[in-house]
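These are the structures, in structure tokens.
Same chain, two partners: chain A is paired with chain B first, then with chain C.
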Partner chain A sequence: MNDLIPYIPSSIRDSLASLSFFSAEISLILGFLLVILADLFFSKRYPQLSFILALLTLLLVAYQSSGFLKIDSTPMFGGMIIMDHLSILFKLLFCLASILFVLFIRFNRAFQNHDKGFGDMYAILLAVHLGLNLMAMSANLLMVYLSLEMVSLGSYLMVGYLSTGQRQTEAAMKYALFGAVCSAIMLYGMSLLYGFTGTLYLNDPAFLSGLNSVPVMASGLALIMVFIGIAFKLSLVPLHFWSPDVYEGAPTPVTAFLSTAPKIAGFAVLVKFLEIFYDPGSKTLSSSMLDLNYILAFLAILSMLLGNFVAIWQNNVKRMLAYSSIGHTGFMLMALFIFSTSGFKAIIFYMAIYVIMNMAAFMIVDEIEEKTGKQNIDEYKGLGKQNSLLMISLLIILISLTGLPPTVGFTAKFLVFSSALEAYNLSGSAILLIMIMIASLSTVVSLFYYFKVPLNAFLRESPDPVKLSIRSAKVYMGIFLAFLLLLLIVFPSMLEQLI
Partner chain B sequence: MNLLSILIFLPIAAALLILVLPSGFQQRFKYISLGVSMIQFVLSVFIYTHFNNTAAGINREEQFQLIEKLPWIRLDLGSIGKLEIDYFLGIDGLSMPFLMLSALVMFVASLASWEIKTNLKAYFSLFLLLNTAVMGVFCALDFFLFYIFYELMLLPLYFLIGMWGGARREYAAIKFFLYTLFGSVFMLLVIIGLYFSVLNPATGNHTFNMVLMMDPGNYINGSVFSAMAGQSILGISARLLAFIVLFIAFAIKVPIVPLHTWLPDAHVEAPTPVSIILAGLLLKVGGYGILRICFSIFPDAAIQSAWWIGLIGLISIIYGAMNALAQTDLKRLIAYSSISHMGFVLLGIASVTTEGLSGAMLQMISHGALSAMLFFLVGMIYNRVHDREISNFRGLAELMPQFTFFVMIAFFASLGLPGFSAFMAEAFSLIGAFTSEDVNGLLPRWMAIGASVGILLSAAYFLWTLQRMFFGQVRLKGGDTWKDQLVDVNTREKFALVPLAVLALLLGIFPSLLFDKMNASVLALVQLITG
Partner chain C sequence: MIPISHFMLISAGLFCIGLYAVLTRRNAIQVLIGIEFMINAAVLNFVAFGRYDKISGGGQMFALFAIVLAAAGVAVALAIILNVYKYFKSINPTKTDTLRD
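Moving on to the complex of A and B:
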């Protein structure tokens, strides 16, 4: 014990120095406490106070994070977390998703009319957001695990928050059980990694050399166990089983959030892990011990195939979007084969667009469900004639999800394809080419199911047409986001300059 | 604002106008659409008369006319350099004729849109959006921009067929969409491969400029599509594979046998104006793409594949004609005849001779006008009695003499009667295919001979249809009610038919009106391909 005493002043100094870089997270913590207090004491008099506080906190966090945009890689708290340009970009993406989510909850009827109130939801969100931020910056196995669990626990609560029916309870239970098993496996994998390498720091040279010194079977097993934990967050095939049920069962705003922010954080962690294995010379994943290219490509192919093909047979809109998001995850994975600015640019661009598209799609779907109770695609018959503005916005969003011009979804898709082809160019591995071709094919397949919505809405007639009022904040947001998708293809520099 | 930009974005502006106008004005929307295409036509005639015949274009950027070039997307990709996407428009002898054709066909399609009675706001907005996309495709010289316009055509067409089509419209619309998208997603991969390979010598950036892609000197040494490097993908030469992928993407549009099955369905289900645009313009986008992109960027692979392309053309001619003979639905018959006639385009292109390429170009323009005319005529009958089974009509000549007159012009022109444009076009394509064996040895003579059988077959189905439907005693399935409904051509319809007939006649007698304008470009293209 006495041996450690000389280190205390330096580690305190380090922590204090780190605090200045930690301002965004401190704001989140303060915001979290404020929202709880506000909800406890003022929820009767000012019911929307917690909403306003949460929104202001998130805006502040976004502002603070963007201040560090030009930062070089900075280790903090003794190297537990590292802040760099990429992690700031991820943090900004979380802010985008969270802000849209907060607005979504504010205008969701089920949440607003909930007996237990909605104030806790904002508190949970801020806590989850803190976890997401830490995930994006973590550089230590323990930190990865802690932040991942922080996000997971919050997500379980979110899914079960309303627990209005059997289905939601089932979804929350399924999610919690499946998540617990995955994180246990991940923790076991991490303990193995620690045993092999003697270090918890991912960027420690001892980590890679330690891994290389044990047999491939052992190190591969440990890595795969860790990847299982990450793949659960990403809902990659074959760890996707929870997602369709959870997406369908959870309240729609939560589904929209779960399909974006935690997924993006999962990618952030995946990048941290893959970073160890990138060969700086060839800029691709080195395959000295375990052919990571092969495993990743295989996962991407499976996710794209399963996500897109199973989506064809879905009739519930939310379930269809859930499967399609599995396909999107597989697609995004294609940008990770190369360790270069272009790869990261592509994935950040894609994710930003993906957040906008997904949030907008769920907002409009939620609005339709709230006003008419329609959840199935074949019930959308004839909606387009009566509610043209709303359905055209949804159409634009779906076109963007498919990745066709004239929406920015095309630009995003294009960038991911570019980085995947660059990776193929550099490595020449055939599996990458197969993956790229399957990605192209799945675009065609995705058109087929996404277009079932406009097919019903515009091409078919309904015996009893429903007219929705578009005077609703959610609709305005959906329309605005759809318009943004059109605008960004003409002016991609608006987004690109940030990256 | 450049003339080409006006040509492209005028319809969008009109579409926005239609969207904001209250529904009370919906009877006026068709005049807006008609007015737009008339302005476009005037502009394109202006472009035609001021066109410099000697500037070849093709692979020389400075020889393109009405160039407009604005930087659009500049993305820094770190290690591999900078990405350069331009808003780059320009025309040469290959694209200029299509601008006129587009304006004319859009004019006729607008006149045919009088038959649309429901949901006019949506219809004309989509119609004008399609107009923009078509014009954009023919003007774009940046591959990225080209692709955006190319894909943009699909959406409005899907809804135009799907919302205003016939009984099986859902099936036809999605089939058309999936078919075309299937071709174009792989095209996207080739585009990406190309920009990786090509550098703009002036700026050192990776570029999407199609003109720069045609110069082997701009390719990075050892890149995928560099001709020197000779890289292969999955055992096939990378350049050949890219050529095949691009060719298939465009060939689906043309369409070639066996990738044609979307066409009869789409035509039969589509409303008349959409059929007119499909046959008159969309198929030409395929042919134009093959010339502008496949053959110009990958000339070496084009020479390698010429024999096969010629064979595909021949098969399309014969198979399309045979199928047309067997049809009982008039619209389906014309749809198949389109496949047959577009086969001549492929045959002419595959010959890579000046005659063949000129013939192919003329055939596209001529078929654009004639197929628009044919579908318009079918639409006239269908509108009157909602039937178009050949066997349900007989002796129409007695009831509708003027209509029969126009049908005879369209039929005779289409089957290649001398004096009409199709004769000139098919003759030149055949001459090209016939001389190819001596000039460059690409196509054997029997292909030209086989193709001439196609002309014979087309005479057979057109004349037989004429005899069955128009001659003989009046006998109609619908009896006297039909007799009252089958009124002769009205003024609006004459306005649509006369310009098309005049164009077919004019190009048949003075093909030099077109040949003069595109000769320099065709020569440059032949030079580029055969090296």
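Moving on to the complex of A and C:
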């Protein structure tokens, strides 16, 4: 024990020096405490105080994070977390998703009328947001596990928060049990990785050399176990079973959040893991032990195919969007496959657009569900005639999700495809070509299910047409986001200069 | 001194028992017990490997965090299962299937 004493002053100095880079997370922690206290003591007199505090905290966090945008790779807290440009971009994406989510809850009737109050939801959100930020920065297996669990526990609570009926509790139970199993498998994989390498730091050279010195079967098993935990968060195909059920059963704002922020954080962790195996010389993932390239490509192809084809048969809108988000995950995994600067630019741009599109789609779907109780696509008949502005915004969002002009979804898809083609021209790997072909095929397939909604809304007649009032904050937000999707194709530089 | 392979065998056994329980049990609480087995297998591994990592003590540290997080996870899961029982009068995961394709 005594031989550790000389290290104490230096590690304390390091931790104190790290605190100045940790300001965004400190604000989150303070905001979390403030929201809890505000909800405890002032929820009777000022019911919206927790909402305002959460929103202000998130805006502050976005501002503080953007201050570090031009940062070089900075290890903090003894290398437990590493802050670099990419992690700041991820953090800004989380802020975008969380801010939209906070506004979404504010104007969701089920949450506002919940008899236990909605203040705790904001507190859970801020805790989850802290976990997301740490996920994007983690550089240590302990940090990866800790932050992933923070996000998972918060998400289970979010799904089960309202618990107003059978479906919501069932979704929460499925999510919690499946998630706990996946994280236990990941923990076991991490313990094996620790045993093989003797270190928990991902960027430690001993980590890769330790992995290379054990038989492929052993290191491959441990890595696959860790990837199971990450793939659960991403809802990649062999581990996607939970996502349609949970997305359908959960309250719609929570579905919108789950389909964006934790998924993006999963990608951030995946990048951290893949960076270990990235070989700058050959610009590919080094495949000396286990061919990660093929496994990832296989998962991406499966996700794209299954997500998009199964979505065709769905009648529930939320379920359809769940399957489509599995397809989008596969597509993003393809973008991740291109391990280069342009590949990262493309994927961040795609993710930002994906957050806007998904949030907007769920907002309008939620508005329709709230006012009319319609959840199925075939019930949307005739909605377009009566509520043209609302349904035209939904149409724009769906066009953007498909990836067609004149929306920015096209730009995002185009950037991914062009950087994939560029990578193919450089490497000439057949597997990349297959992925590009599958991706373009699944884009065509996605037309069929996305356009079922406007087909029903505009071209089919309904015996009893419903007129929705447009005067609702959620509709305004949905229309604004749809307009943003149109605007950004003219000015993509507004987003690009950030990246 | 007990060789490291003994620890690894026991933890692999625990993990497999846990996984078997998760896959076969028809009661959400028993599934949780299975998950607990799997987490404890990993914790055992961490502590055993931690012997060889005295300076940073990462294994011991990780074991502590894993135990705390497992407890937190069980608390959340039990609260959710209680809610399920309220609506379904059953905590059999195979019987609660109103959501499906």
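To be clear about the criterion, the second predicted complex is superposed on the first by the 499 of 499 C-alpha atoms of A that agree within 3 Å, B and C clash if a C-alpha of one lies under 4 Å from a C-alpha of the other, contacts with A are read in each partner's own complex, and residues count from 1 in each chain.
One rule holds for everything that comes next: contacts are C-beta pairs under 8 Å (C-beta built on N, C-alpha and C of every residue); 3 or more make two chains touch, one makes a residue touch a chain.
Here the structure is a predicted model, which means the values were calculated and not measured.
**Q** Considering only the touch criterion stated at the top, classify A:492 as touching first (chain B), second (chain C), both, or neither.
**A** After superposition on chain A, A:492 lies in contact with chain B alone.
**Q** Going by the contact rule set out at the top, does A:205 touch chain B (first), chain C (second), both, or neither?
**A** Once the two structures are laid over each other on A, A:205 reaches no partner at all.
**Q** Looking at the overlay, what does A:174 touch: chain B (first), chain C (second), both, or neither?
**A** A:174: touches chain C, not chain B.
**Q** Quick check for you: in the superposed arrangement, does A:436 touch first (chain B), second (chain C), both or neither?
**A** First partner only, chain B.
**Q** For A:238, using the defined touch cut-off, is the partner it touches chain B, chain C, both, or neither? Pick first, second, both or neither.
**A** A:238 sits against neither chain B nor chain C.
**Q** Of the partners chain B and chain C, which touch A:215 in the superposed model: first, second, both, neither?
**A** The answer is neither, since A:215 touches no partner chain.
**Q** Just checking: does A:448 make contact with chain B only, chain C only, both, or neither of them? Give me first, second, both or neither.
**A** In the superposition, A:448 touches chain B alone.
**Q** Across the two complexes, what residues of chain A are contacted by chain B and by chain C?
**A** none
**Q** Quick one: which bits of chain C touch chain A in the complex? Just the residue numbers, please.
**A** My answer: residues 8, 11, 15, 18-19, 22, 28, 31-32, 35, 38-39, 41-43, 45-46, 48-49, 52-53, 55-56, 58-59, 61-62, 65-66, 69, 72-73, 76-77, 79-81, 83-84, 86-88, 93, 96-101.
**Q** Which chain B residues qualify as touching chain A in the complex?
**A** Per the touch definition, chain B meets chain A at residues 73-80, 119, 122, 147-148, 151-152, 154-155, 158-159, 162-163, 169-170, 173-174, 177-178, 181-182, 185-186, 188-189, 192-193, 195-196, 223-224, 233-234.
**Q** Residues of chain A touching chain B in their complex?
**A** 283, 340-342, 345, 385, 388, 399, 404-406, 410-411, 414-415, 417-418, 421-422, 425, 430, 433, 436-437, 440-441, 443-444, 447-448, 451, 454-455, 458-460, 489, 492-493, 496
**Q** Per the contact definition, I'd like the list of chain A residues that touch chain C in the complex.
**A** Going by the criterion above, the answer is residues 4, 141-142, 145-146, 149, 152-153, 156-157, 160, 163, 165-167, 169-174, 176-177, 180-181, 183-185, 187-188, 190-192, 194-195, 198-200, 244-245, 248-249, 310, 313-314, 319.
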